[in-house]
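Handing you a structure now.
Letters A, B, C, D, E and F name the chains as they come in the text, with residue numbers starting at 1 for each one.
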Amino acid sequence: MRIKVVNPNTTRSMTATIEACARTVAGPGTDVEAVSPTMGPASIESHYDEALAVPGVLAEIAAGEEAGVDGYVIACFGDPGLDAAREIAAGPVVGIAEAAMHAAALLGRGFSVVTTLGRTTGRTWDLAERYGLRRSCLGVHACELPVLDLETDPDARKIVTEACFEALDSDGSDAVVLGCAGMADLCAHISEELGAPVVDGVAAATLFVQSLVTLGLRTGKRGEFAVPPAKPYAGLLAPFARARTARP
Amino acid sequence: MRIKVVNPNTTRSMTATIEACARTVAGPGTDVEAVSPTMGPASIESHYDEALAVPGVLAEIAAGEEAGVDGYVIACFGDPGLDAAREIAAGPVVGIAEAAMHAAALLGRGFSVVTTLGRTTGRTWDLAERYGLRRSCLGVHACELPVLDLETDPDARKIVTEACFEALDSDGSDAVVLGCAGMADLCAHISEELGAPVVDGVAAATLFVQSLVTLGLRTGKRGEFAVPPAKPYAGLLAPFARARTARP
Amino acid sequence: MRIKVVNPNTTRSMTATIEACARTVAGPGTDVEAVSPTMGPASIESHYDEALAVPGVLAEIAAGEEAGVDGYVIACFGDPGLDAAREIAAGPVVGIAEAAMHAAALLGRGFSVVTTLGRTTGRTWDLAERYGLRRSCLGVHACELPVLDLETDPDARKIVTEACFEALDSDGSDAVVLGCAGMADLCAHISEELGAPVVDGVAAATLFVQSLVTLGLRTGKRGEFAVPPAKPYAGLLAPFARARTARP
Amino acid sequence: MRIKVVNPNTTRSMTATIEACARTVAGPGTDVEAVSPTMGPASIESHYDEALAVPGVLAEIAAGEEAGVDGYVIACFGDPGLDAAREIAAGPVVGIAEAAMHAAALLGRGFSVVTTLGRTTGRTWDLAERYGLRRSCLGVHACELPVLDLETDPDARKIVTEACFEALDSDGSDAVVLGCAGMADLCAHISEELGAPVVDGVAAATLFVQSLVTLGLRTGKRGEFAVPPAKPYAGLLAPFARARTARP
Amino acid sequence: MRIKVVNPNTTRSMTATIEACARTVAGPGTDVEAVSPTMGPASIESHYDEALAVPGVLAEIAAGEEAGVDGYVIACFGDPGLDAAREIAAGPVVGIAEAAMHAAALLGRGFSVVTTLGRTTGRTWDLAERYGLRRSCLGVHACELPVLDLETDPDARKIVTEACFEALDSDGSDAVVLGCAGMADLCAHISEELGAPVVDGVAAATLFVQSLVTLGLRTGKRGEFAVPPAKPYAGLLAPFARARTARP
Amino acid sequence: MRIKVVNPNTTRSMTATIEACARTVAGPGTDVEAVSPTMGPASIESHYDEALAVPGVLAEIAAGEEAGVDGYVIACFGDPGLDAAREIAAGPVVGIAEAAMHAAALLGRGFSVVTTLGRTTGRTWDLAERYGLRRSCLGVHACELPVLDLETDPDARKIVTEACFEALDSDGSDAVVLGCAGMADLCAHISEELGAPVVDGVAAATLFVQSLVTLGLRTGKRGEFAVPPAKPYAGLLAPFARARTARP
C-alpha cells in the first residue's frame, strides 16, 4: 500500500519531519512518502496562503494518481483543497484536521485545539462545524507562534506545552488536538507531560487512510465527487486542465 | 465610487453579461467594471474548478487594490476565494451566493435555489450553512444544464424557468435564487413568468457592496481578516507573494 | 422611490434623528420619510412595550400603502411587527436589527451587539437566531442606559463607545452592531474612535430597502405572507379590520 | 387555585368550548375561567391577526392580576403575547402550543401537528424552534379549514381526523398535536379513532399551569421578565400604561 | 390513579424522601408509591452506575405493569432506562431531568442546573440536548458533593444553596433546576432563600405524569416504543425475558 | 496488540462471523478475539434489549482489563454501554456505529444507513446526532429483517442489497453504512454489486481501535471518564461493584 502525504507548504524541512512522524505509525506493508508542492507559500497562516497552497496540493494529487498511489493525507491543519482532491483521486483522501478531530471525538466528550496564530482559529471552528464536531470542540487556543518558528524557536516545545495545559484546564476537555502539522514531532513529549491524550493529525490521518484502504473504502463517485468535467483552462493554470483525467 | 465585479471564470462573454446586469442596478455615482481573470477554468462546475479559479480572482482583487477600487463582487455562485479576498482588500467584498441568499432571506420565510449541475448542489448547501441560512434555504434544484450552455442552448431560459416553477411548488418557498452568475440576464423574465420574487446574485451583490461603501463599512481588520503576513512564495505562484501588501 | 421609516415609539425627537440618518445615506432618487405612530409607548424596553408598539406600526404601514410607498423600514431593534407588516405591504419591509445583523455578517466572522437595557438582550438573541446569525453574533452587551437617555444623558456617547470597546475585546469580534435606533447618530463617531466597523441598523435598513426596490424584489406573496383574510375586528381595534386590503 | 384561560380571539362560542375542555381536566380545587378579549380579531389566521390580538390578551392578563388569578393559559396555537404576559403576570403563563408540544415530547420520539390554514404553518415551525422541539416536530399539516369553520362545518371532525391519519403515516410520528384551540373538543374522538395519542393544547396547558402553581413555580423575575419599566403611552393605547404595575 | 416513582438507586432512605416529596404535590385522587430496585448501585455517580441501575428500574416497571400502575416517574437525574421503560409500560413514563427541564423552560428564557459531582455534568448536557433544551440550559454547576452526602453532610443544604446563588449570577438565568433526586427536600428552602424559581424534578415529574394520565395520554405505540419483540435471554438476566409482555 | 470485540448479544454464531470479519482487516501484529456475554438477549431489537445487553458487555470489558487487553470494539450498531465501558477500560473503546459513521464521513458529503427493524431507526438517528454526524446521515432505512434472520433467511443478502440500492438513490448519498453487526460478512459482496462504498462497522471499528492503540491514544481520564467511584451494589448485580477497579 502506498500513501502519499502532501505538506501543502513548500518548506522541505517540515515535510521531512512530517514524513518521519507518518512512517513511525504506518503498518509494515505501508509505504509512506511525504512531499511539498513545487509552488505556493512557505507556510500557511491566512486564508490567502491557504487558497494559494491549493494548486500545488492538487498537482501533487494528480502526480500521485499517475504513480498509482492508494491514498493521500493533506498535512496542513486547514485541510486545504480536500474536496477538490477527493474529486481527482481514485483512493481516499484525508485531511489532518479532519483526522485529528474525528480521532479526538473517540476519546471522550470534548477536545481542545492548540494552534499557532490567533488569526487561524476561525478556520479551525469552520472545520469543526463542517465535520460535525463543533460541539466536541471545546476551545481553540492560539499560542501566537508563527508556523516556521515551530522549527527554529528553542522555546517552541515549552510554549506549545503550556498552551496545552491551559487549554485542558480552561475547557475541561478530555484531550488536546495539535493544530498544525509542524507540531507533529512534539506530540509524544507533550502527551507525556500532560498526562492526557494528545492527537497529532499527521499520524492520525496516516492511519485513517491506511485503514480506509485496508477496508476497500474510497471516496464515493456517484455525484458531487465524481471526476470533474473536462474544459479549457487559461494562462498560468492551463496545465491543470489535464489533471482531471483521474485513474478509473 | 468604483466597484469591481470579478467573474471567476475566463469566459469573457459571460463577463460582459454580468457587467451589463450589474450596471443596470448601480446608482448614478457608481462606476462598475467587470473582469475575468487571466488564468483558470472556462467555467466552474466542480470543487476542482473552483479551487483553481481562486488564484485568478485574488490577482484581480490585488490589481483592484492598486487601482483604488472601493468594493468588490465575486460573481460565481460558489463565492470562491471570498475569505482570502477579504484579507487583501481594503474595502468590502461580497459573493453573489452570499448576497442572493441574504437578500432572499428578507423576502419571506424561505427560498429555493435553482442551479446548473447536480454536482454543485453540495457546495450551495455548504454556503447556506456558512451564511446561517440553511433553514431559510428550502431546496437546491439542479437543471443539469452546464454553465456555458446557459449562453448557447436556445432552450436555456425555458429549462431554468421550469426548474424555478418546480422549485417553488415542491419547496413551498417564497422566492427563488438563481444559482449561477450566468443566469443573471434571465432574472427579470423569469420573475415575470413566475409571479414570485427571483433573486440574481450579481445585481444583489452589486447593490450590497454599493450600500456598504455608502455606509462606510468594510471588512473588520482586527484579527482573522487582517492583511496576511508576508512570506516567500515558490514556483508558478511566486508573483502572489506581493499581493499581500494591501492598501492601508 | 419612496421609503417610509417607521419609528415604533412615539418620541418624535428620536424620529427626527432617525430620519436624518436615513436621509444621509439614501440615493439621489430616493425620498425618505420617518414617522412615529399615533399610539403606543414612548420607548420600547420590554416585551410588553414591544407588543403594544405593533398596532401603531401596522397603522403606519397601512397608511403608507394608501399613499403608494415603495418600501418600509421598521426602526426599532426588536423589529416589532415585521411579519405582520410584510403581509400588508406590497413592497419590501426590513427591520433594523435584521438589516444590521445581515450587514455585519458581510464584514467578517462575527459581530457584537451593544444595546441599552440588559432586559432586552434576550430579544436580540432571539432575532439573531431567527435570522440565522446566532453563530455570527458573538455577544450582546447592555450599557444599561434607558432608550430615551440616549438623547438627554450628556455621557451617552461616551458610555456607548466604552461598551463598544469592551464588546470588541471580550468577543474578539470583527464589527459592532448598535442595538437601538436611538444610537443612529452616534455611529460615525464611534466607528472613528473604535477603528472598527460599526453598523447602524437605520442606515443599513434604508439602503437594503432601497436596494430591494431597485432590484424589483418584494415579499413573496404565495403563502405565509399573502394579504391576510378579511374578518371582523372588535372594540378598540375595530379600525384595523380594513388595513388588510393592501395594494395589489 | 384560580386559572384564567384567555382565548385571544373574540368569538365567544369558541371561548365556551375552550372553557369546557379546560374544566374537564382541572383538579377539584382548581377554578377555571375562560374569557375573550374586548378587542381584536374574530379569529387568528395571519401574523397580522396575531399581532393585533395581543393587546386584548394583555388587557385580560392585567385584569386577572387585579383579580388575584394564580396562573394563565393563552389559548391560541400561536401563543400570542406570551413573553409580554410573563412580564406582567405574577404567576405562571403557558401557551397552548408550548404546552402541547412539551407534552407530546414526553410521549415518544416525534409528533405531527395538524392545523387549520397552510399560511399558519410557518408560525408553528417558529414556535417548535423556540421551544427547542423542532427535531421532535416531524411535520406540520394544514387541513385548510378556516378557524371558525371548525364550529360550523359539519365535516370538520372528519376532515381533521383524516389529516391526523395522514400526518401519522407520512411522518412516522408517535403522537399528534392539534394545532388550534378550536379543535379542543375533537381531541377525545380523534384519539379513539386514531389509536394514537392526540394532544389538545388547551387541556395540556391547563394542567401544566395547575402543576406549576402547585409546585410554587412562577416566571423568573430577575431580568428579562421583570415587571416592565413605567412610561407614557400615547393615543388609543394610553390605557395600557397602567397594566405594568403587576401584583408583587 | 396510581403513580409509581422508581428511585434507581438502592438507598431506601433516599427513596423515602423522594416519596414524601412526590406525595406532597400529588392531587387528592392520586396514589403515589416510591420504590428502590432490588439490585444495582447504592448511588449513581458515573455512566457505569447508571447503566447498571437500569435492569433494576426495568424490573420495577415490569412489576408495576402487573400491578396495574397508571404512570411512572424515574427519579434519578440521568433518567436511566427511560426509553426502555417506555417500551414496556402501557402508561406514561417521565424522567425527573426531563420533567425539571421542561418545567423550567416554562419559567423564562433559561435555567441553570446545580448537580452533585462534576463528572456527571456531561450526562446533563446530553439530556438537555436530547430534550431540545440545550439552548435553555445556560449552565450546569457541580457542587462536588457525593449523592449520599446530601443526606448526611450537615452543610449539604448550605453548599447546594450557595451553588444555586452562583449559578444564577454567572449564567444570568431565570430559574434553577436541582440536578439530583436527593435534593428534592431542599427545594422549598432554597427557593425561599434565592428569591427565584427552583425546580425539583421529583415533584415536577409526579405532576407531569398525573397530568398525562388525566389527559389520557400515554407513550405512542405505533413504532419505536411498541412492546419489544419476545426472545431468549441468557444467564443472570434470563428472568428479564418475560418483562416484555406488557399490559395491552 | 490485543483487541477484544464484544458482541453484545448472546448468539455465538454471530460472534464467530464478527470475529472472522475483524480478523480479516487487522494488522499482522494484532490479535483479535470476539466474545459474547454470558448474560442478556439473543439479539438486540429494542431499547429494552439494548439496556439489558449492557451489564454483559461491561462484564466482558472488566474481564478484558484483567487480561491486559489493549482496546475494545462494541459490536452492536446501537453502541450499547459505550460511555460506561470507557470509564472502566484503560485503553480505547469504539462502537461500531460510531466507527462506521465516522469512516463514512470521510468518503463524501453524506451516507445512508441500512438497518434491520424499523423500530431501531430512532436509536440510529440519536447516535448520528451524538457523534455530530446527523447532517452527514442522509437517511436511515429499515429492511424489516429481524437480526437473527440475517443468518438464516436465504434471501437476506438480496434483501439488504436492494435496500442499499434504494437508499443510495432516494438519499443521493455517497456511501452506505450497514446498520447491524450481523451484516458484516455481506459488506464486500454488497459493495461490489452497488459500485459504491459500503461501510461495515465491525471492520471499521477494529481498525480504528488498532489505529488509536498504535497512536498511543486512549480515553481521557481527567473527568467524566475517570474510573467510577467505588460503592456497594445490591442483589443480582452485586458482582459488578468490583469491575470499577480498572487497570492504571
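Rule of thumb we're sticking to: a contact is a pair of C-beta atoms (placed from the backbone, for glycine too) under 8 Å apart; a residue touches a chain by one contact, two chains touch by 3 or more.
Quantities reported herein were computed from a predicted structural model and do not represent experimental measurements.
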{"item": "Interface numbering overlap (same over half, different under half) for subunit C and subunit D", "value": "same"}
{"item": "Per Cα centroids, the chain farthest from subunit F", "value": "C"}
{"item": "Most distant chain from subunit B by Cα centroid", "value": "E"}
{"item": "Inter-centroid spacing, subunit F versus subunit B (mean Cα positions, whole Å)", "value": "44"}
{"item": "Geometric centre distance via CA averages, subunit F-subunit A, whole Å", "value": "28"}
{"item": "Two or more partner chains touched - positions in subunit F", "value": "86, 109, 122, 223-225"}
{"item": "Contact footprint of subunit E on subunit D as seen in their complex", "value": "25, 27-29, 86, 92, 94, 98, 102-103, 105-109, 131-136, 168, 172-175, 188, 191, 196-197, 199-200, 203-204, 207-208, 210-212, 214-225"}
{"item": "Residue ranges of subunit A in contact with subunit B within the complex", "value": "10, 37-43, 45-52, 54-56, 58, 81, 83-84, 86-88, 118-123, 126, 129-130, 146, 223-226, 228-229, 231-238, 240-241, 243-244"}
